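Down below are the structures I want you to see.
Shared between the two complexes below is chain A, which has chain B as its partner in the first and chain C in the second.
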Partner chain A sequence: MLHAIWLIVRKDLTVEVRSREIAYTTLFFAVSCVLQFAFALVKEGKPPEDGAAGILWIAIAFSGTLALGRTFERERQSETLRALLLAPTARPAVYLGKLLGIVSLLVLTELILTPLVSFLFQAPLLVHPIWLFAVVISGTIGFSAVGTLFAAMLVRARSRDVLLPVLLYPITVPVMIAGVRGTAALLQPEVDLGIVRFWVALLLSFDVVFITLALWTFEPLMTD
Partner chain B sequence: MPKWFTPAAIVCGLMFVASPVFIASVRYESTMGLVQKIFYYHMPSAVMFLLAAVICGVASARYLFGGAPHQDRVAWAAAELTVLFGIITLVTGPLWARKAWGQWWVWDVRLTASLMGWLVAVAYLLVRRYGGPGSDKLAAGLALFGAANVPFVYISVNYWRTIHPATSVVPTLPVDMGMALWFCFVAFLLLFVLLLKMRIYLEEERARVDSLYLSLED
Partner chain C sequence: MNAFDTGGPAEAGHDAALDFDDVIVDDVSRHFGRRRALSRISFTVARGEIVGLLGPNGAGKSTMLSLLATLMRPTSGRIRFGALDVETAGERAPRLRGRIGVLGHDLFLYPELSARENLAFFAGLYNIRDANRAALAALQRAGLADRADDQVGSFSRGMRQRVALERALIHDPRLALLDEPFTGLDDASAAALVERLKVLRDSGAIIVVATHDLDLAEGLLDRAVFLRDGRVAHTAARPEALRSTYRAVMGKGGA
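Right, the complex of A and B next:
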């Protein structure tokens, strides 16, 4: 099982390292998204108060949707998803492998996105790097856990590009609330770590519930 | 359609015609005045909204793990009713809130959770409509995730703030106001059952026509 997961992650990352298609496009999209916010919201050199947390998470959600769509589009174009599902391994392993691949791609994007938001919106995001990392990574896992399942299911659907965000955004409302609130709590002049801990705990329980639910439904949803 | 359908539909229609008269005859609430009367439609439609969402979730889970096509039709019908009663709830709510809270919308637990549930139901219908083949399972999965979401929205926003009146307000109403409320509640419940029945019937007929069509081709 673990070996199968590792093989799938390695396959995805090898394809990605060779083409760099998703990493570059997602990153560029995330950066231009943040710039749009900067043009729209920064007035006379003054960023909106408390805006940085929301902007960071919107950029993560948008670029995450793009990365999810592309990852499975690549499988579809080369007809490899069927091969993946035919492989003599448990379906949950396929799901977890895909999930890990997407999370690592998004973390890579966030490594550049976070300093950029911090810089453009004059937000002290990097004062508590470990807590910020905890909030961002647990939120990213939750977002990708739902996203991977839906993107995989949508591979065969018509108008999948439109349907992915349509499905994903209502479902990930709690991730967005907890992620934005947790990040905003870190931006306060007097950081109350108790509040941050609460949001991280909520995000982690969300991750657990949604990964469990996805593992449970991946099999019936991907069979037809 | 079952025999009781037409009489029940007539009764339901009469109740809805009578309900404004009934509501108008009830005393005015002391602080809110006329605006409070929105409540007689808001609360029943909100309960139907919730009921439809629960039916949709349960039927989807049963469809996904049992596979009887009937469950899928129930889920579809319930999703449409979720959207319909959701619109009524989400329109009447802000009309009341403008007067009661001085704002059209606040990010309260119930408001956020309702909006999210409504969005999931709309997404469900979009998938059914535009997803193409295989979208039935996709939609069932969506309904399942939507249902699992509710506690999280609840916790996350509860931690934040809450001002929506609690359900405990209902037994404390004066008798005439309570009567009007229950009258409207029964009218909405009847409407809900009729619409659900009709919608499932329509889907069953459609499935039957499809299967007849296929057997004719063979």
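Right, the complex of A and C next:
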């Protein structure tokens, strides 16, 4: 199973290195989103108080939805998702491979997005880089865990581009809230690491719940 | 070394314990909501046989292949691979899939990857020990060794079809399910495919072909199952004069 997961992740990253389609569109969309917020909300060089955390997570959610859609569109065009499901490996390996590929692409986007938000909104996001990494990565995994399942499930639905955010956003509201609150806690003048730890623990528990549910439901959802 | 050649795990894709000598489709129906795609289909395919699923568009040929590939479940009825019922296969289902090869109407290839990378990727998924070597050997068989490192997206439909066929057969499956395998092939490639299928049959594979191309299927099939509106309209062993039989079975018109 680990071998299959690794092959799928490497295949997704190789395809992306060749086409750069998802990286460019996701990054372009995320940067545009942050710039528009900056133009709208930063007045006379003063950003809104605690706005950076929300703006960072809006950009992650929107660009993540775009990346999810494009990743599975790629598998739909030549029906390669069916070929993956035919492989002699447990079908959840396909889910985990796709999930890791999407998380890798989103982390790449976040590596550029986070310093940009920090700069434009004068937010000390990078003062506690390890805790910031823990909040962002655990939130990204939770969001992508649900998104990967839904995107795979909707791959043959005619209105998949509409249905994906409609299904995804309500269910990932807890992840978004915990992500925003955890990031906002890191922006306080005196950071209380106990609070940050609480939000990270909550995000990790969402990750465990979402991934477990997805692994449980992936095979029956994809078989029919 | 190819990007997709990892060496792979020790075992090959074959599993003697999961081998089977026949596939039995027993009173299978498949509904999509209120629409009946297949209704009470029964037939058996044994090792060393090529069975053709023939019928017009919408007759249920591709749905039947999806059911045989375990990508769908029957609404009712059973499909058995030898003694193994796919519904009760449980943890053995992945190993069963390892004995099935599918050529879909869509080709299951990544256009951004080269022909060799595509084949090595799927060889890796099927636990073939030396995925890169298997990919190169498959490309030799397809007559595309000189285009091994070209992206599949730059290939003609016929070339992609040949790569896709090798992808479907790279793990030497017991059951080969081929949906319109002659699409896009020139005369020489189609003739080569016919010969390849005969060799596969002689080696003991079970082959199910869904096709509209009655001329190419003529002389190839050991049995023809004619589907119409999701039902078996007629079966014929060692069918001859396929086109006239098809016309007679399907009523006016024909393929």
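What we mean here is this: the second predicted complex is superposed on the first by the 224 of 224 C-alpha atoms of A that agree within 3 Å, B and C clash if a C-alpha of one lies under 4 Å from a C-alpha of the other, contacts with A are read in each partner's own complex, and residues count from 1 in each chain.
Going forward, a residue touches a chain if its C-beta (ideal position, glycine included) is under 8 Å from a C-beta of that chain, and two chains touch if they have at least 3 such contacts.
Small disclaimer: the values here were computed from a predicted structure and weren't measured.
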Query: With the two structures laid over each other on chain A, which partner does A:Leu163 touch: chain B (first), chain C (second), both, or neither?
result: first
- prompt: A:Thr80 contacts which: chain B (first), chain C (second), both, neither?
  reply: second
Message: After the superposition on A, what does A:Met153 contact: first (chain B), second (chain C), both or neither?
response: first
Task: State whether A:Leu221 touches chain B only (first), chain C only (second), both chains, or neither.
output: first
Message: After the superposition on A, what does A:Leu204 contact: first (chain B), second (chain C), both or neither?
response: neither
Which of chain B and chain C A:Ile177 touches, first, second, both or neither: first
- prompt: So, does A:Val42 touch the first partner chain B, the second partner chain C, both, or neither?
  reply: neither
Query: Same chain A residues contacting chain B and chain C, which ones?
result: 224
Field: Complex contacts: residues of chain B adjacent to chain A
entry: 64-65, 112, 116, 119-120, 122-123, 126-127, 130-135, 137-138, 141-142, 144-146, 148-149, 152-153, 155-157, 159-160
Message: Under the definition above, what is the set of chain A residues touching chain B in their complex?
response: 146, 149-150, 153-154, 156-159, 162-163, 166-167, 169-171, 173-174, 177-178, 181, 198, 202, 205-206, 209-210, 213, 217, 220-221, 224
Residues of chain A defined as touching chain C within the complex: 3-4, 6-7, 10-11, 14-15, 18-19, 74, 77-80, 82-91, 223-224
- prompt: In the complex of these two chains, what residues of chain C are touching chain A?
  reply: 3-4, 6, 8-9, 13, 69-73, 94-98, 100, 102, 104, 106-113, 117, 121-122, 124-127, 151, 167
